[in-house]
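Okay, here's the structure, questions in a sec.
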Amino acid sequence: MALKITISKKFEFSASHRYWRDDWSEEQNKEAFDLCVSPYGHGHNYELHVTAAGPVDPQTGMIINLTALKQNVSEIVRQFDHKYLNLDTPFFKDRIPTTENIALVLFDLIEAKLNELPGVLLDRIRLYERSDLYVDVWKE
Amino acid sequence: MALKITISKKFEFSASHRYWRDDWSEEQNKEAFDLCVSPYGHGHNYELHVTAAGPVDPQTGMIINLTALKQNVSEIVRQFDHKYLNLDTPFFKDRIPTTENIALVLFDLIEAKLNELPGVLLDRIRLYERSDLYVDVWKE
Amino acid sequence: MALKITISKKFEFSASHRYWRDDWSEEQNKEAFDLCVSPYGHGHNYELHVTAAGPVDPQTGMIINLTALKQNVSEIVRQFDHKYLNLDTPFFKDRIPTTENIALVLFDLIEAKLNELPGVLLDRIRLYERSDLYVDVWKE
Amino acid sequence: MALKITISKKFEFSASHRYWRDDWSEEQNKEAFDLCVSPYGHGHNYELHVTAAGPVDPQTGMIINLTALKQNVSEIVRQFDHKYLNLDTPFFKDRIPTTENIALVLFDLIEAKLNELPGVLLDRIRLYERSDLYVDVWKE
Amino acid sequence: MALKITISKKFEFSASHRYWRDDWSEEQNKEAFDLCVSPYGHGHNYELHVTAAGPVDPQTGMIINLTALKQNVSEIVRQFDHKYLNLDTPFFKDRIPTTENIALVLFDLIEAKLNELPGVLLDRIRLYERSDLYVDVWKE
Amino acid sequence: MALKITISKKFEFSASHRYWRDDWSEEQNKEAFDLCVSPYGHGHNYELHVTAAGPVDPQTGMIINLTALKQNVSEIVRQFDHKYLNLDTPFFKDRIPTTENIALVLFDLIEAKLNELPGVLLDRIRLYERSDLYVDVWKE
């Protein structure tokens, strides 16, 4: 049994979205998406937890330099902050911006970014749409 | 010195909004409203605290029947929940849906509603746009 | 205009209670008290905020010695903690243990206690039954 | 390595309970259960996190329809809400309603219920008795 | 009765401090300050709520431009962040850095700063040393 | 697939620390540790979650006696509370007191301590330096 250690940092963004499929009738949309069909969208304060794994550098005592982590992830988060996710971002042209899909998009973007930092591994992310609803994404 | 007592109940709604004045240039709008000028809006999980004052009924031990309070305020909150406040509600045709203005609109709507309940007084409301930004409204 | 300053300390207790009037029919009780009529009661994690006012002692930089505040209030809170408020305490023989009434009882007990400490004044208390329901009591 | 995703929803209930074994002496009970032996019980605001796994439906972008999740779990939670768990529910006739045992009962009930929904898997639950004490249950 | 409205913004800083009076014996210090006498100090994540009053500008819908508020208060907070308050700041040469005294210092600094912004009034501040201990300062 | 269950208890301590390597230049220190190089240190309210695994005792319904857990872990936490971690504890003579290193030290101390209790296993710990930054440590 080996000792495992991860560090997690929280980020926030405020965005709006709409759940709607053009190829479905209004009734189908309402049944699947309820209030989220509202034509101009509605919004949330999203909270994103990014968890990095990797050995603790014996010199710095850190898994990852926090300034580097903040800069890299903030750059990604800025693409979602104060946006209407359906129209203001390129990520939801062909999929609904549900919490699941937003989390999957964020996981891919953050993983690619962190891979550029030597020795760091994205362990998992958690995305809160509200304090009572959240999605976890990880690889295993 | 008289003893004073109030009871407060929290409500939540998720909405989106945009800050923009048509009679201003884009630069003026950006200077005043920063990221909030984004054309399709963005959103928040709003948290509303409604505080009622009044004598404690010696029979029920209550200032206000909580079921009545919940029903009356929820009816109002439903008009804001899952809405794009600028276009989906009638309240912000001629004013920006800032936290201040949303709180003022809510105070008026809730005060009128609670006045219909005998012996109850709206004492104050607090509206959180995010956990680190909130507005209080009261009369004195 | 004078500068005012208060200090507040949070306490917690877990208790259960039942809302019921023997002189009312079952229907009257259910209409007024809803689920709270359940015969053996139900419970909550109460959170109590106690706020003391008074001048800041220039030597200690404190309004009140926190150890003294904790000891005095904890002694009172212990009478409510892990109790069925209706039967295990003497306070609700003739009144319903609503959040309002529990707060009024606590205010009286804490005020009497703090009055024994020189120069300290109970400014107000806040009692949370849940994070979304709370009562404030103060004098003015 | 495959990508894994789960969605979690929070539920709440307020209940009371007592820790006591009839086949033990009062001293034994007090040593094991401390303040929780109080004869009429005491209570808590429980917070339940239910986590569902499963593929994201490419059409809806969802692991599980949230309305279905809420309805199914709320039906179960209602059996615990505003109850004295020892006497008002059938689950603790022969075991102490500790946080561990309540969580195990809830896991079984929720797992059976969610199994009826096509393609959904209960991944884990977390039950908070207070914000500083919680139990996790999962299968592996 | 006039309608009153305030807006509040939360700030954070992490600092350390020590409670000690050179003109007192070690016993006196320990009795008054308990664990806080530790020679090299200890620390907290402080949370500061700044509340501004003033009329809502009919054009912007705002009491105060939030960017201006953030810049002005952050400049002050930076003097406390990641500091040992006793030695790294000029404010506690002749007074103990208790929560009360830190709040009084912050109130004065913020009031002077906000007075420079036209039409804005500092209404009150709240300073949390921990989530269960906080000080309020206001004028009346 | 076997059912797994853990119980977690939260502890708190307030401490201060400094990040600095004597064998590095000031620039190197600042680049790696930013504001944390401040000579007298700064501090945080740390929050520690300790998670124990093990079978649920059929008689008590508990994985671990909570009083025993609290006593054992509090004894360890007291060595960190109200301390300047670099100088007041023996643990950081040759490593920086980062959140990662503090968590690793705590994991070792708690694991050794809990191993003395029959049938209990330390499953994992989580250490928050602030609400938006935390480290998890576990074995697998």
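So that you can tell them apart, the chains are marked A, B, C, D, E and F in the order they are listed, and the count of residues begins at 1 in each.
The rule is short, and it goes like this: a contact is a pair of C-beta atoms (placed from the backbone, for glycine too) under 8 Å apart; a residue touches a chain by one contact, two chains touch by 3 or more.
What you are looking at is a predicted structure, and each value in this text was computed from that prediction instead of being measured.
Looking at subunit A and subunit E, the chains in contact with each of them are B, F.
Using mean Cα coordinates as chain centres, the one most removed from subunit C is A.
Of the two chain pairs shown, A-B and A-D, the one joined by more C-beta contacts is A-B.
Between subunit B and subunit E the centroid-to-centroid distance comes to 28 Å (mean Cα coordinates, whole Å). Each of the following residues of subunit C touches two or more other chains: 131.
Contact annotation for chain pairs lists A-B, A-D, A-F, B-C, B-E, C-D, C-E, D-F, E-F, with touch applied as defined. The residues of subunit C lying in touch with subunit D in their complex are 12, 14-17, 35-36, 38-45, 81-84, 86-88, 130-131. Interface of subunit E with subunit B (complex): residues 1-10, 51, 56, 58-63, 65-67. The residues of subunit C lying in touch with subunit B in their complex are 19, 21, 32-34, 95-101, 103-104, 107, 131-140.
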